[in-house]
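In the two assemblies presented below, subunit A is common to both, partnered first by subunit B and then by subunit C.
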Partner chain A sequence: MGSPYGALAGAKVRSLASAPGLLVLRSAGDVFIVTMEALAPLLLVSQFGSIAGWSGPEVAMLIGVARTGEGLALIVGRGIDPNTFGDTVRLGRFDQILTRPVSPLLWLLTSDVELRFVFRAAAGAGVVGWSAHRLSVLSPGTAVVLAAAAVASALFVLSTLVIGAAVTFRTVEGSDFAVLLSNGGMGLAAFPLEVYSSALRLIFTFLVPVGLCVYVPVLTVLDRDGPGVLGPGLLPVLPVVVGAFAGLSLLTWRQGIRHYESTGS
Partner chain B sequence: MISAQGLTKRFSTRRSELTAVDGVEFDIPAGQFVGYVGPNGAGKSTTIKMMCGILRPTAGRIVVDGLDPCDDRRKLSRRMGVVFGQRSQLWWDLPLRDSFQLVRRLYGVEPLDFRRRLAHLTDVLELGPLLERPVRALSLGQRMRGELAAAVLPAPRLLFLDEPTIGLDIEAKAAVRTFLAELNLEQGTTTVLTTHDLGDIVQLCRRILIIDHGRVIYDGSIEGLREAFDVGRGLVVDLFEEGPVEVEGAIHLRSEGRRHWLQVPRSQRTADVVGKMLAAYEVEDLTVEEPDIEDVVRRIYREGGVLGDSSSSGP
Partner chain C sequence: MYWAGFRRQSRYVASLAVGVAANVFFGIIRSALFVSLYRQKEHVAGLDVTAVLTYVWVLQVVFGVVFVTWIWEFADSVRSGDFAAELVKPGAVLGRLLAVDLGRSSFALATRGLPQLAVAGIVLDLRLPTTPPGVLMFALSLALCAVAASQLRFLFGSLAFWTPDYRGWWTMLFGFLWFTGGFLVPVEFFPGALRWIGEHGPLAGLLAMPVRVATGRGAASALAEQACWVVVAAAACHSVMATAERRMVIHGG
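Coming up: the complex of A and B.
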């Protein structure tokens, strides 16, 4: 019979294909933004020599990993992004999802896939590949670490969106909190953590593990130590912390649904 | 099939608490077609949402087809169809046929059953010319026929309909009503209908539940409703000459020229009153009218009441 979620994703892709011009335009915009973003540190470094001791290609690697993860997450995460999900709840569409014999979260993740973010992820991966080549660190081992970093980053972004969506059950309006965590977190991770205070570094490594997803794997690939406890030695805890963060987001989601109060008819 | 006991839903905010549904009790046997009506804000949609597993009751209990709607939501979803008249369940940019295919995948309908049911629904709902058109290109009436087909494709045992005829023209309304009546008769699908269109209720429902301020204020048949609220029958009389009209057993309501409107309470025999009228006046024309159900329900909404009859237990 096949998975209903695959069918839902296929339906959205067919919808998107009915307006190919728009898809091409938006995808080109995403590629342009990621490329410009990666060029920015190169320009900065050409003026100042380095950013907290990091060269242009090294910072570009951080940006590439962060944007690859973000792109991967947003391919499926649009249905739970704060604005979209706020509308879903406010307009009663979530009621309809609850009348279907499916997991509401998987429905949201698959029924609103956004192909243009494939190009954001691809542009991010391109930047990572370029920086790894420039830094002469490309090997099967580093490729695995960088891929794991991108997947962990994607999981981090999705988890923050799930938490934000769970908050929306209470507030009905889209949660700015999720935007702050996902966009802010990934923006923060696009720079070496040396530029932040030690308290912020710890918060964004262990509590909101964006630093662990992006910064620590890149340290590992570059074979360098970070400030304080941060360094390649933390890589083994990455799956544990990210898994715990994802688990926390699912618990929050379940609690949110339990207290879902719908909206007027 | 559906049993509600002390069903209560309260919505709390920091400053206040609203009781939307307040200790509602009813039993709906399998195969029954029930109208669930009430003024805006009476608690209709909240009750339906608790039946579907969308909302968890604050107190009391609801059992639908032997299941707890919230705890067994996915299991129950496989057995029920839902139509929200004001919200589409179809895929906007895709042809109608693709929406039906998605429903098949979501509900795990076997391909053979799907083909047979879709052929039948295409025939009775006249969907043939619409199947290849994107849902966004359908008129409201066409879309509603598509919504109904999508809701019943998985052959649900239960159907929840929320304003299924809202905004439809007379012809589209008639088509929807005919389809629903036949579905209930042929498949024995238990159906709960909420609507403000009492024409739907009169034509489709053998039982009506009226809710107001979160409480069931009437549970019984349409006929029982007319009798319980003693609106009486109407008499419209055209006389050959102008002048006042007074007949024992009838209440004079109003006059316009030679035409007079009177009401005969249920306690009086209409035939007796008509006989007296014919004996006392030169009558050109006379019509006996059943009370308009909308007038009855409007009166109930205005005055409230807790009433019911015993004719509601069978399908």
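Coming up: the complex of A and C.
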């Protein structure tokens, strides 16, 4: 708690805890949405027999990993989502943040901690646990791979948010496209990549590494081979590509701050 | 009022572009999913791949009309007290609110929804009406969907008269609406009684019935059911408004 970031996050958590009704409702809503989403592949499989050769619980595992990662990222990502951060820049509040003796990015991440997303992450983890149990693939080794997948997915979502925030310094609207990248990417990764064309698969594995974060680890856990180059063999590449993506987002952020011109009024 | 709402929405060009990009992206993902599924089976729950692809792209149109960007405005104005000013203006409050809201959603429909559907209809094999009566019925069905969505937003927003936690309730309602409205999986794929509720229940007018009218599966009866639910919802809106106006007096001060 010695750091200002811990104190900031603690203050926000206490303020959220003072309105428990709202927190409970929103958290329950998040859990409900993730549950509904995980039910969709089960319904589809009951009608079609499988989704590109995958069973219901197998597809649910993809959804669970994606939602766990997204939930983890959004716990701290609220301060830089396009709506919030767009206002921060437009209203000139970012000037004040820059004058503080702290890292602007860390300040933004810790000052708007959102507890309801803990429950979204937990619901996602619950779906992963349920599917791993149903498929009898739970072991210490697979648990590590799945946890790494969730952390990688969280890093992916946070990085897109940071890129979006950096774009906000130049154009307030452009950042929405970055969010589309993470939302759309997560929506895409909720189903086996066999479903999509090879171009879409490659873009969303290597350029926008959401397939690498969600799909490849699940392939590893299920001991399956994907189409083309996709398969468990790609797992070692995951930290490299996700690290590079996160690094790129930090570079963009620094560039963005350098071009920040405040609001002229 | 309707045209004021229409023009107001036309100012947000950038948010419109993002909306279209998101719509098209998710439309492509969903299309890919269903094309892949229908390689395994030709007919499922009475629907073939053409019908389901039509569902996907009508969904993209309807999504921009139901889950609109200004979804919080009414509830927020109730919360802040700004809504009290609405009560002073001449004319029926409810009619005015719905007219502005409809104007805004018509803009979304005209610029964001229908062009997408037209392009999808050219690129993909969709089952869209081609005869004048069919086109007219589909237009009517989309209009009824827009009215139903406006009514739904009003009913949800009026929660703010009773509780400051309306955003929390909305998160719950959103999940329910999303799933049972058929925005995740077509209602025809639901099992047993759930399917019947999805096809004929109060939420069917948002998506399931416009899809039926578009693909010509019992179009006339779907349209009639849609109109019935709009009338029911209108009655609900009126009674909520009457109760809420009395509460508003307690709030103001």
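Note that the second predicted complex is superposed on the first by the 260 of 265 C-alpha atoms of A that agree within 3 Å, B and C clash if a C-alpha of one lies under 4 Å from a C-alpha of the other, contacts with A are read in each partner's own complex, and residues count from 1 in each chain.
The rule we apply is simple: a residue touches a chain if its C-beta (ideal position, glycine included) is under 8 Å from a C-beta of that chain, and two chains touch if they have at least 3 such contacts.
Fair warning: this is a prediction, and the values are worked out from it, not measured in the lab.
The superposition on subunit A brings subunit B alongside subunit C with room for both. Partner contacting the larger number of subunit A residues, of subunit B and subunit C: C.
Of the two partner chains placed by the overlay, only subunit B lies in contact with A:R100; subunit C stays clear of it. Of the two partner chains placed by superposition, A:E70 touches none, neither subunit B nor subunit C. Contacts of A:G187 after superposition on the shared chain: subunit C is touched, whereas subunit B is not. Touch criterion met: A:A52 reaches subunit C, while subunit B stays clear of it.
After overlaying the two complexes on the shared chain, residue contacts for A:G92 are found with subunit B alone; subunit C is out of touch. In the superposition on chain A, A:D81 contacts neither subunit B nor subunit C. In the superposed model, A:E114 makes contact with neither subunit B nor subunit C. After the superposition on chain A, the angle subunit B-subunit A-subunit C between C-alpha centres rounds to 90°, nearest 10. For the overlaid pair of complexes, the smallest distance between C-alpha atoms of subunit B and those of subunit C rounds to 15 Å.
Taken in their complex, subunit C has these residues touching subunit A: 14-15, 17-18, 21-22, 25-26, 28-29, 32-33, 36-38, 40-41, 44-45, 164-165, 167-176, 178-179, 184-185, 189-191.
Residues of subunit A that touch subunit B in their complex: 1-2, 4, 7-8, 11, 14-15, 18, 91-93, 95-96, 98-103, 258, 260-262, 264-265.
Subunit A contributes residues 21-26, 28-30, 32-33, 35-37, 39-40, 43-44, 46-52, 173, 176-177, 180, 183-184, 187-188, 191, 194-197, 200 to its touches with subunit C in the complex. On subunit B, the positions that touch subunit A within their shared complex are 11, 44-45, 49, 52-56, 73-75, 77-78, 80, 82, 84, 86-87, 89, 91-94, 98, 101-102, 105-108, 134, 162.
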